[in-house]
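Note that the chains take the letters A, B, C, D and E in the order they are written out, and that residue 1 is the start of every chain.
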Amino acid sequence: MATTHTRSAARLMMAPSVILLFAWMIVPLGMTIYFSFLRYNLLMPGMEEFTGFLNYSFFLSDPAFFDALTNTLLLVGGVLAITIIGGIAFALLLDQPIFGQGIVRILVIAPFFVMPTVSALVWKNMFMNPVNGLLAWIARSLGFQPVDFLASVPLLSVIIIVAWQWLPFATLIMLTALQSLDEEQKEAAEMDGAGFVSRFIYIVLPHMARAITVVILIETIFLLSVFAEILVTTNGGPGTQSTNLTYLVYAQALLQFDIGGASAGGIVAVILANIVAIFLVRLIGKNLEA
Amino acid sequence: MGSITLRNVSKVFGEAKVIPSIDLDINDGEFVVFVGPSGCGKSTLLRLIAGLEDVSGGQIVIDGQDATEAAPAKRGLAMVFQSYALYPHMSVRSNIAFPLKMANIDKAEIDRKVNDAARVLNLTDYLDRKPRQLSGGQRQRVAIGRAIVRQPKAFLFDEPLSNLDAALRVNMRLEISELHQTLKTTMIYVTHDQVEAMTMADKIVVLNRGRIEQVGSPLDLYRKPANLFVAGFIGSPRMNLIEGDYARAKGAKTAGIRPEHIGLSREAGTWDGVVTIAEHLGSDTFMHVEVSGIGTLTVRAGGEFGCRHGDRVFLTPDESKLHRFDDKGLAL
Amino acid sequence: MGSITLRNVSKVFGEAKVIPSIDLDINDGEFVVFVGPSGCGKSTLLRLIAGLEDVSGGQIVIDGQDATEAAPAKRGLAMVFQSYALYPHMSVRSNIAFPLKMANIDKAEIDRKVNDAARVLNLTDYLDRKPRQLSGGQRQRVAIGRAIVRQPKAFLFDEPLSNLDAALRVNMRLEISELHQTLKTTMIYVTHDQVEAMTMADKIVVLNRGRIEQVGSPLDLYRKPANLFVAGFIGSPRMNLIEGDYARAKGAKTAGIRPEHIGLSREAGTWDGVVTIAEHLGSDTFMHVEVSGIGTLTVRAGGEFGCRHGDRVFLTPDESKLHRFDDKGLAL
Amino acid sequence: ETLTIATVNNGDMIRMQKLTDDFKAKNPGIDVQWVTLEENVLRQRVTTDVATKSGQYDIMTIGIYEAPIWGKQGWLAPLDKLSADARYDANDLLPPIRSGLTVNGKLYAAPFYGESSMVMYRKDLFDKAGLKMPDAPTWTFIADAARKITDKSTETYGICLRGKAGWGENMAFLTATANSFGARWFDENWKPQFDQPEWKNTLDFYVKLMKDAGPPGASSNGFNENLALFQTGKCGMWIDATVAASFVTNPKESKVADKVGFALAPDNGLGKRGNWLWSWNLAIPAGSKKVEAAEKFIAWATSKDYLNLVAEKEGWANVPPGTRTSLYQNAEYQKAASFAKMTLDSINSADPKKPSVKPVPYEGVQYVAIPEFQGIGTAVGQQFSAALAGQVTVDQALQSAQQLTEREMKKAGYPKK
Amino acid sequence: MARKVSTRRKLVMSAIAWTLGILIFFPILWTVLTSFKSEGDAIASPPVFLFFHWTTENYAEVQSRSDYVLHFWNSVVMSLGSTLLGLVIAIPAAWAMAFSPTRRTKDVLMWMLSTKMMPPVGALIPIYLIFRDVGLLDTRIGLVVVLTLINLPIIVWMLYTYFKEIPGEILEAARMDGASLAKEIVYVLTPMAIPGIASTLLLNIILAWNEAFWTLNLTTSKAAPLTTFIASYSSPEGLFYAKLSAASTMAIAPILILGWFSQKQLVRGLTFGAVK
């Protein structure tokens, strides 16, 4: 596996991917950094001038920034919590002998294929709408005041929608992990006198650590840039209650056309994403090595 | 405390009657080995005893009590799996302590028992390692440690040595035998390695297609195989089986003679033949000799018997050691 | 066509000097077996010869030509891997044909050669199956088939039988030996199974920690082990090694005597001792006998020697078979 | 030649899309490709395109807010030919709208439909409650009536108003309303005025009213959501764009088509009514290579003939309103559209040049015609939307609005020398 | 574990699983049902489930507004194109990482993944300007390029985890058999990894199909995929639930059907090395 010949071939074969991704990263990044030091509004061409760190200080001192930061963390954390716990529960359920397992699995997996825009539209209009939505109808028929999801619990609503889309993914991975658990290990635990709960805590859960790690990694990557769901449902509001970083930068860039400010925001977001990435890499590194 | 009785036990998987019906008595303190070719139902039988499979019929009595319906954990048995089935995320200590923890035994008591077990098994230095940091033999010992801490009524072993290399296998074999002598607990041991069966067992149960072919002490089986199957299965290299005139002359359908019971000479003997293969192991030489009218016989000679492909040799069977089988394959 | 010479070959992995320096001559047509304990560098050495690893120093000469820098495919060697390394998505036919296809040989010629190889290896009926539809032994044969179609200068085998069960192992061992007799091509064979080494090799190379301990024919190694390592490694059960007064009396640091070279009697002998373990295999009995002042000796007796734990026996070493080693462990 | 036209997904535009065959028949050789987008997305896409001069669209649908700003930037091709074309009759365009689309005497966009805002109400509910809607109601009357009509048990809500954040959504309504309460966005020195009592009155009034008499979820309702509510009979009143009139009176789409009445937007007796002025217009980006064909299309789509075409196919009630004087003089239209007079009066009563009671440095009734307004308006809209949702108090919302507006204005460098 | 499971337990479990499964699936089911209702039925209270007047007028309406076939075709081209291109680039890279790992391999992999964490809005304007200058705006090629780059890290990672499961000995065998590196990859590695490659392919088709930011911002009409198609329904127009449902159904149906049919492969492969 390791002759000089194969090693240099390996380097050659990595090259296209690495170069392309590097370019994909560095070119926009470079331009973004450059823009971030300019006063640059798309609507006022010809007035670009160097402003130093002004854009950064405006972005970081924007009260919306901290809201966005917490919202981003809440969104990622909330969805992760729901999908992981729900995913494990579903996986345990689907791992049992049940009638029509295949069909249930098809039902559960379906949301994964739905376009984010579509799922946001459907949830917003047909379910969470406080007047015509199905949830409102259910609440009313049970004699409750319908909850106005998008206004009173906007972030939670977004979390529900996003979690609905990602639950299948978590379930699938957990299920595969569960099914890969060595049968003899479960039997050994049983012989050792472990009941269902003990088996779950001491044997099954540690076995799934790796799967959970992977779910965290992949989902975090996608959840950090959740955008369509917010745009369609709450527009980041009311106030900034459901604005995450991505949406904040979007608002700067494409509602205000303040490219300078948006670029500064983008850079801040990149830095934060990389902090998350480093954190994740630590976590993964530990769990994936073994 | 540790006797196990199977009465008319059967097991069906879907359509396949894997175990038609088995009766077996295992006495307290006995070391019983199940042998048989792959797929004959050894593991299944063991798992039935353990409670990891439901019997399709019959009764399992442990220590005089009907345990047929009891949950695995309630039977008071401990099992060592072929793959060891160690918990990979737990340290050796936690692995061994696990059954005690499940039994809600208190911390200090657990520690004491784990340390005792580790001492017996020479694992004291490895207590804080994870299973993947251990060698095969060490892992095996951890699996045994996990079994012994519970002081079970009986141990069940399913081919516990098959993943080890030859030298280690020999060592572990001795260790398990010694353990048995120390603990005097009933052990049921599944293997398809004859040497293991012969050297470890008090009693060997030879299984074939879910049926018991013979039960007896190792030397009983070697000396008086009840039928052709056992004759062919026990002993290495295999017994030479001869049909035709020679067998008829002895009043049998098939005559059997072991390679070590054939005298060898360069000058004279009952049969003469030509060496097709000679394997020199130093201590022994195994020869395949083509004898006309009889077939190819395997013969064992001393390590000093220098001979090679194509040599002519004379063979003399030790007729007192001859085995005779009727046309149903049963010993006469 | 098929001689291989290693000159001062060494291999370093990162910090670890896995092979310090090896010189070895393999003659055309020879069957050479590398044996040694796990991790001693057998596979590494084989892979260096194959070109799958770069040497860290030294020279590899194949057929008189320096092949140190040549790509694996250019060395004209064929390799059979421990896991067989069959291409799972290809039929047996395509597997065997693959090296020919890579050499751009024309269709008809490929077919002819594949069919020839299949005939030799009894694979004709399985040519259209996928590897997963074959038994272990058949897979092994396909791997060999893939090696022989190319008519390589030499075959390299890395523990090719270790995944097979005991019975199959014996058969395949014989088949490979026969193949060697038919093809007369150089073969280098790695194993840690002594029986394989002893029965198959023209020449055994005993490796230990990346060093060659001894090179010689099987019986040479059995009879005249060059040092303690080889003495302990070759022969089963292991040679008894005795230090102390007895050895000094023989003018050595260590004296060695094989279990099969110790006479056994109930009445009299050089040493008397107590049986600690007696393993009855039927054909043989191995006893561990505790002799005061000497230690525990393993002794082989005939299958009929009935004795058990605690019996008192007398032992007489066959002094003509005594091995003597100096304080560096070298044979005197 | 294929024209790529970016347009918003409003009913009138969708209808135009379906009638394209008529244009193609009259102009062989010109094909039309539609890109229909939701308002925010549309604005984002066309702005990016025009600002970066990417030239992906041949015709853009833009608002009366963008037209003068872009015209000044030189991003749009002036519609000189159209203005000169007698058959097109540019003088027929309603004056407030035409002047809004004109920069330095040049017309930069042609209005497709125009609108102001007015009160739409359910006559049946008013009758039931014993109320009578005056033609020009006051806010006090509206608030009283709304509270009286509300019956949450039957899902009848007294009043539906915009609550969804966005400068073109809730801020359009609120800015117009604030004008009638005497409030303004900026004083003459571009100082934001959210800390003034007028804004507090406005917002207090709005939030309280909506709490008592509005539908649930009002903070995410925009024009289209409210339209749906009104059409399904859930609103007693709705103050919104005049174009809605044709939808709510269309029996095919509306359950309450025969029960709708109209009134002018309310006032507070300060001399300004709370109505706005808006139009959606078609424009050609500067540097387009298909100006000629594009101009042909615009001429077709905003012509009198187009009105006739729609009338013929869909009935007079459905023609795009608010652009041409001649339409309001058409007897057939007046007959079919009960809201015609009210629409014309509303449009004419809006004055973009002098929107507020107090003097202001900017133009625009329900917006401030500066490029920064989109961002600021939306951000302020979010605060007000949060106040409506009850997430923050009115005072907090105003305070945040004041702060963020000050910040943005400072960043943008106002007051400009 | 072949012990008897009591039928009652199995029934209870099945009931729970089915209930939850249907609950999860319900939004999709409801959307599809609604797409066949009239606008009036769509907002009827109480809701009507099956007994309404079934109609396909919404589909006709949606089709009359935009060219579904064109958008559909664009979606197919860009998702398939970007995935195939991604595979071609990623297979060699994954080979190198799996079979010739260095100390930095893991870092490179993580770096690749971290490029996905960049918020795309931040990069939009630069990319938009570049695309404008090289004439890639509203072209399928442009989209394919962007989507390839976006999904490349995921493709590399997935392939890497599959390749790692393939015993290196088989590739060495090929090398001994005289295969060049290219032939080794084409004849041995790729066919062996077919299940893994298939699931990579599927997952990335799904991701590309559903990508809504770049596709929306870099296309206008000619190359616009289904995400743009749906974007024109993203705010209501009076009564629009039925039309919205029809458009939604049209947008997700192809990928949903593909997903269901290839469920097995997808599930088998979707482990990202999570399962050893």
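Observations on the structure shown:
Just so we're on the same page, a residue touches a chain if its C-beta (ideal position, glycine included) is under 8 Å from a C-beta of that chain, and two chains touch if they have at least 3 such contacts.
This structure is a prediction, so every number in the text was calculated from the model and none was measured.
The chains in contact with chain A and with chain D alike are E.
In this assembly, the chain whose C-alpha centre lies farthest from chain B is D.
Chain B maps onto chain C through a rotation of 175°, based on Cα atoms and reported in steps of 5. Contact counts per chain pair peak at A-E. Per-chain CA centroids place chain C at a distance of 53 Å from chain E. Averaging Cα coordinates per chain places chain A and chain B 55 Å apart.
Separation between the centroids of chain B and chain D, computed from CA atoms only, is 90 Å.
A straight line joining the Cα centres of chain C and chain D is 90 Å long.
Multi-chain contact residues of chain A (touching two or more other chains): 1-2, 42, 132, 187, 254. Each of residues 52, 71 in chain C touches at least two other chains.
Listed for chain D are residues 40, 48, 52, 228, 232, each touching two or more other chains.
Contact residues of chain C toward chain B in the complex are 38, 165-166, 174, 177, 192-195, 198-199, 218-219, 222-223, 234-237, 258-260, 277, 279-284, 286, 300, 303. In the complex of the two chains, the chain E residues touching chain A come out as 1, 5, 10-11, 13-14, 16-18, 20-22, 24-25, 27-28, 30-31, 34, 43, 45-47, 89-90, 92-93, 95-97, 99-100, 102, 106, 108, 110, 112-127, 129-130, 149, 152-154, 156, 168, 171-172, 181, 206, 209-210, 212-213, 226-227, 230-231, 233-234, 236, 241, 244-245, 248, 251-252, 255-256, 258-260, 263, 266-268, 270-276. Those residues of chain C that touch chain A in the shared complex are 51-54, 71. Touching chain D in their complex are the following residues of chain A: 41-45, 54, 58, 62-64, 129-132, 136, 145-146, 148-152, 231, 233-241, 251-252, 254-258, 261.
Listing the residues of chain E that touch chain D in their complex gives 39, 43, 64-66, 125, 128-129, 132, 137-138, 216-217, 220-222, 224, 228, 231-240.
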